[in-house]
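First chain A sits with chain B, and in the next complex the same chain sits with chain C.
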Partner chain A sequence: MFPTFRLSMTWLHTWFGLVLGYVLIVVFFFGSLSVFDREIDRWAIPETRFAPQPMSSFDTMLAPIFARMTPEADELQAAAKRVRGPLPATLVPMNWGAYTTHRDPVLSLYAEYAVPNNPDDPDDHVHGHVTIDPRNGRLLPDDRLKIGSEFFYPMHYGLNLTWKDLGYWIVGFAALVMLAALVSGVVIHRRIFRELFTFRPRKHVQRSTLDLHNLTGVVALPFHFMFALTGLTVFASIYLPVSETLLKPQAMAAAMADAKAKGLPFKPAGVQAPLASVDAMVVEAKRRWAARGMPGEVGYLYVNHVGDRNSYVTLYRAGSDRVTLVGQPIHFEGTSGRVLLEEPPPSAVAGVNDFLTGLHLQHFEHWLLRWFYVFGGLSGCLCIATGFIFFVEKRKRQHAKAGTGGARWADAVAVATVTGMLVATLAILVANRLLPAEMAQRGDWEKASFWGAWVIAAVHALWRSAPVRDARLSPAWAEQCGAIAALAFAAVALNWITTGDHLVRTLGERFWPVAGLDLALLVAGAIAAMAAVALRRRAGVAVAETGAAAPDDAETANA
Partner chain B sequence: MPKGLLLTLALLCSAGGIAWLALAMEVHWQQVRASAAGPDRRTAIGLRVLGGAALAVSFGVCLLADHVTMAVLVWVMSLAASALLVAQVLAWRPRWLAWLTTPWAERQSH
Partner chain C sequence: MRRIQIVSRVAAGVLGGWSFTWGFVVLGIALLLAAGMPYADAQTLLYLVAFLVYLVVFCWSFAAASTARVWLVLFGGGAAMTGLGWWMTRLPAT
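Showing the complex of A and B:
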């Protein structure tokens, strides 16, 4: 098909990069924001702006709350359609879980309830969720959208497209293509070592854009590669669901054999029995972790077979000083509180898997590394955005001469994804501060403002794209940069007005979740404002130079 | 030593190491020294050794600061950030790196 390997790799990199780049930049950007998802939650839900708390006392605080919890109404409605006959008035809880991290002031609890009489699935169950203030056990309103962890984070791995899990599959395919784009990018880069540190901002746009594309792609190459790869391994069970489909009986048998070997009851006995003190188990678990040289707090508390004679409690250490995820679980017998099993260190394969998962999901306590992840993610965004601009720069004069619209469309979609995505992200933050506190379905309106702003930005990008047809710069870039600056400054001002938490106060109190987001918004706003000014100036220069032949060199011509 | 100080030291060593490795390349030496000639062979080797040593020290300090699994990630990411930083300084303010070439000021002048 192509005379040389390099040319075929160029084709692959160009076209797969362009098409999937529109998805990948979304994944990279919201992944970068997800590094600070809990902090964004604090900004979005002012009632939760207090310091992180350790796991609350189970015996005095959590047990009564768990006992009062009920299944989610929408899950019950769906379950009613799956069973023979009516659902019982109250469902029996099977398992309880409580989860927190070193960054969470609030504690989230969930419960699983058995759904009887489902002919297709004997293990059918529904869930209940609450979030509490661990300082006093007060339930927090659960209709508030956690913008960081419940909207930006799912955007990262599933684009918030939940229909038939389509989002997961699109992101998974994009990650696979990302790996191919990285490898082909290295192949087609002629001077990868000689130009490792090369950026020539004063050369023509096509050259300096390609320099920046190469620079941000190559210096963060280990990051890009590892994150695309570990992103795929984290969701391997979704992409290759063999243990849910083809090998389900074997997977079930393996889980039962594993539980038997460990002495953990796989099924409830069907005999009621009270639960011993879980707080005493927590004390014992912490003692054992400290004895292993890795003292820590409980990150995840799980009660299996609630209220049954076979109940057991599993305590996981919170991720803090290791890359590996929450771990070092210790299992306690529910009725007596004695230790059933202290899980041994994982096997080599499981250890590698835990490391790769932990590397991607970053539960650890290391602010520098967190910021490095943001840096890696944003350099990925820069790499993709400069890729779009290079694609358009390289073609727009030919297309203008030939009278075809390819470059114009590519540019308009690039505006819609690059700056349009930022407009949408800021719009949801502004809406979060502007919508009335007691509004019904407030979270849905916040999401609607995100999608609405993005649609408006996309329409604007298309509407303003005509100059690209004449090989000129689309004014949409500058205009949307202006909108980004205005929205970013507005979000900081609105946070001040509606909560009283201005930067002088939050910085004085060293309350970094809010101070950090406000500062990031100010920096983003300043950069966007400077970009808007620079783009306007450039548009003026470009008009004056129209018709001048663009300089070119071998690599920009071929890439 | 407190962890913050160790990590700062690791970052400085990483940035310095990357800068020295860049300076061993003809084009960047020319940018920084504003000279027409590149570094001679011995200078280039010296710069590479110094750069490599600084990166090794940086990794060692990362190991002192954190558990080994974490230290590897911090170090690799610090290399990436340093490379982008050095590239930007070389693009906009190359003379800022001139002091890193001080040990070779004499030999190159004649």
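Showing the complex of A and C:
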């Protein structure tokens, strides 16, 4: 199909990069925000602006809260359709879980309830969720959207498209294309070392855009490659579900043998029995972790077969002190509190996998490294955005002469994804501060403002794209940069007005979750304002110079 | 380049690449199980290399001279490896 290997890689890079780039930039951007998802939650839910807390006492605080929890109403409605006969009035809890990290002031609890009368699935169950203030056990209102961890983070790995896991598949394919774009990009450019030191902002747009595209692609090349690859391996069982299909007998046999070897009760006994002190188990778990040279806090607490004679409690260590994501779980017998099993260190293969997973999910406590993740992710966004601009710059004069609309549409979609995405992100933060606190389904309205703003930005990008047809700059870029600046400054101002937490106070108190986001918003707003001014000036110059610029070396023509 | 040729090449690279990777994972797990590795380790190891395999065959599918060869190697290879792996896991344990 192509005369040379290099041309085939150029085709791959150009077309897959363009089409999946629109997805990839979303994945990179929300991945960058997810590094600070918990901090964004604090900004969005002012009641939770206090310091992170360790896991609360189970015996005195969590047990009564778990006992009062109920299944989610929407899950019950869905379950009622699956069962034969009516759903029992109260469902019996099967398992309880509590999860926290070194960045969480609030504690998330969840419970699983058995659905007994589903003829198709004997293990059918529904869930209940609450978030508590661990200082006093008070429940937080459950319609408060955790914008960072429950909206931006799922955006990163599944685009919030949950229908048939479609979002996971789109993001997964985009990750494969990212890997292919990196490989083909290296093949195309060859002089990989020189790209690191080449940026000529004073040359014409097409040249300086390509410089920046190569520079950002090369400078974070190992980061981009590892993140695309580990992102795929984290969800490998979704993309290649061998254990649920072709190799299910082997997988099931291995799971059963594993459970048998561990001696943990697979099923409840059906006999009620009280739970021993879980706080005593926590003390013993911490003693054992310390004895192994890795003292730490409980990150995840799980009670299996609640209230049954076969109940057991599993305590996982919070992984804040190392990259690798190991829980060192210790299992305790529920009725007696004695240790059933302290899981051995992972095998060599599992150890490598835990390290790569931990590298991607970054549960560790290291603020400088977290910021490197953010800048690595944003350099990916810059690389993709400059890729779009280069695509358009390279073609728009030819397309203008030929009277075809390709460059115009590519540019309009680029505006909708690059600046439109930022408009949507800021719109949800502004809506979060503007919507009344007691509003019903407040979280849904916040999400609606995100998608609504994005749709408006996309329509605006298409509507204003006509000048690209004549090889000129679309005014939508500058206009949306202006909107970004206005929204970013408005978000900071609204945070001040509605909560009283202005920067002088949050910086004085060193409350970084809010101060950090406010500062980031101000920086983003300032950059967007400068970009808007620069783009307006350039639009004026470009009209005078149309057609003067031409590719200046062989590489530009090739890329 | 004709449009049908591009569609065929893209489909071969994306779907054929996935089939080839699937077969590679099934056969790889079957071989490691036969060699005595525990299932969880075998699966994890294959998942770690699976997407590198996918990446290589995906790029190759655009560099290869003949589209027919891409279809044959990726779908044929994927089916052959899946079949072989499936047959191996159904053998009585020795």
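To be clear about the criterion, the second predicted complex is superposed on the first by the 548 of 559 C-alpha atoms of A that agree within 3 Å, B and C clash if a C-alpha of one lies under 4 Å from a C-alpha of the other, contacts with A are read in each partner's own complex, and residues count from 1 in each chain.
Heads up, the rule we're going with is that a residue touches a chain if its C-beta (ideal position, glycine included) is under 8 Å from a C-beta of that chain, and two chains touch if they have at least 3 such contacts.
Note that the coordinates shown come from a computational prediction; the quantities given were computed from them, not determined experimentally.
Chemist: In the superposed model on chain A, is it clash or fit for chain B and chain C?
Modeler: After superposition on chain A, chain B vs chain C: fit, no clash.
Chemist: Output check: A:Val541 vs chain B and chain C. Expected answer is one of first, second, both, neither. What do you get?
Modeler: In the superposition, A:Val541 contacts neither chain B nor chain C.
Chemist: Once chain A of both complexes is superposed, is A:Phe375 in touch with chain B (first), chain C (second), both, or neither?
Modeler: first
Chemist: Quick check for you: in the superposed arrangement, does A:Ala254 touch first (chain B), second (chain C), both or neither?
Modeler: The answer is second: A:Ala254 touches chain C but not chain B.
Chemist: Comparing chain B against chain C, which has contacts with more of the residues in chain A?
Modeler: C
Chemist: A:Leu356 contacts which: chain B (first), chain C (second), both, neither?
Modeler: The answer is second: A:Leu356 touches chain C but not chain B.
Chemist: Could you read off the angle at the CA centre of chain A, spanning the centres of chain B and chain C, to the nearest 10°?
Modeler: Seen from the centre of chain A, the opening angle is 90 degrees.
Chemist: With both complexes superposed on chain A, which partner does A:Ala291 reach: first (chain B), second (chain C), both or neither?
Modeler: A:Ala291: touches no partner chain.
Chemist: Let me test your reading of the model: by the given contact rule, A:Ala89 touches which partner, first (chain B), second (chain C), both or neither?
Modeler: Touch status of A:Ala89: no partner.
Chemist: Tell me, in angstrom, the smallest C-alpha to C-alpha distance between chain B and chain C in the overlaid model?
Modeler: Least C-alpha distance: 18 Å.
Chemist: Using the touch definition up top, name the residues of chain C that touch chain A in the complex.
Modeler: 1, 5, 9, 14, 21-22, 25-26, 29-30, 33, 38-41, 43-45, 47-48, 50-52, 54-55, 58-59, 62-63, 65, 67, 82, 85-86, 89
Chemist: What does chain A use to touch chain C in their complex?
Modeler: 1-2, 5, 8-9, 11-12, 173, 176, 179-180, 183-184, 229, 232-233, 236-237, 240, 242-243, 246-247, 249-251, 253-254, 258, 347, 349-350, 352-353, 356
Chemist: Can you check the complex and tell me which residues of chain B touch chain A?
Modeler: 7, 18, 22, 25, 27-28, 66-67, 69-70, 73-74, 76-81, 83-84, 86-88, 90-92
Chemist: Using the touch definition from the top, list the residues of chain A that touch chain B in their complex.
Modeler: 194, 196-201, 215-216, 219-220, 222-223, 321-324, 355, 359, 364, 366, 368-369, 372-373, 375-376, 379
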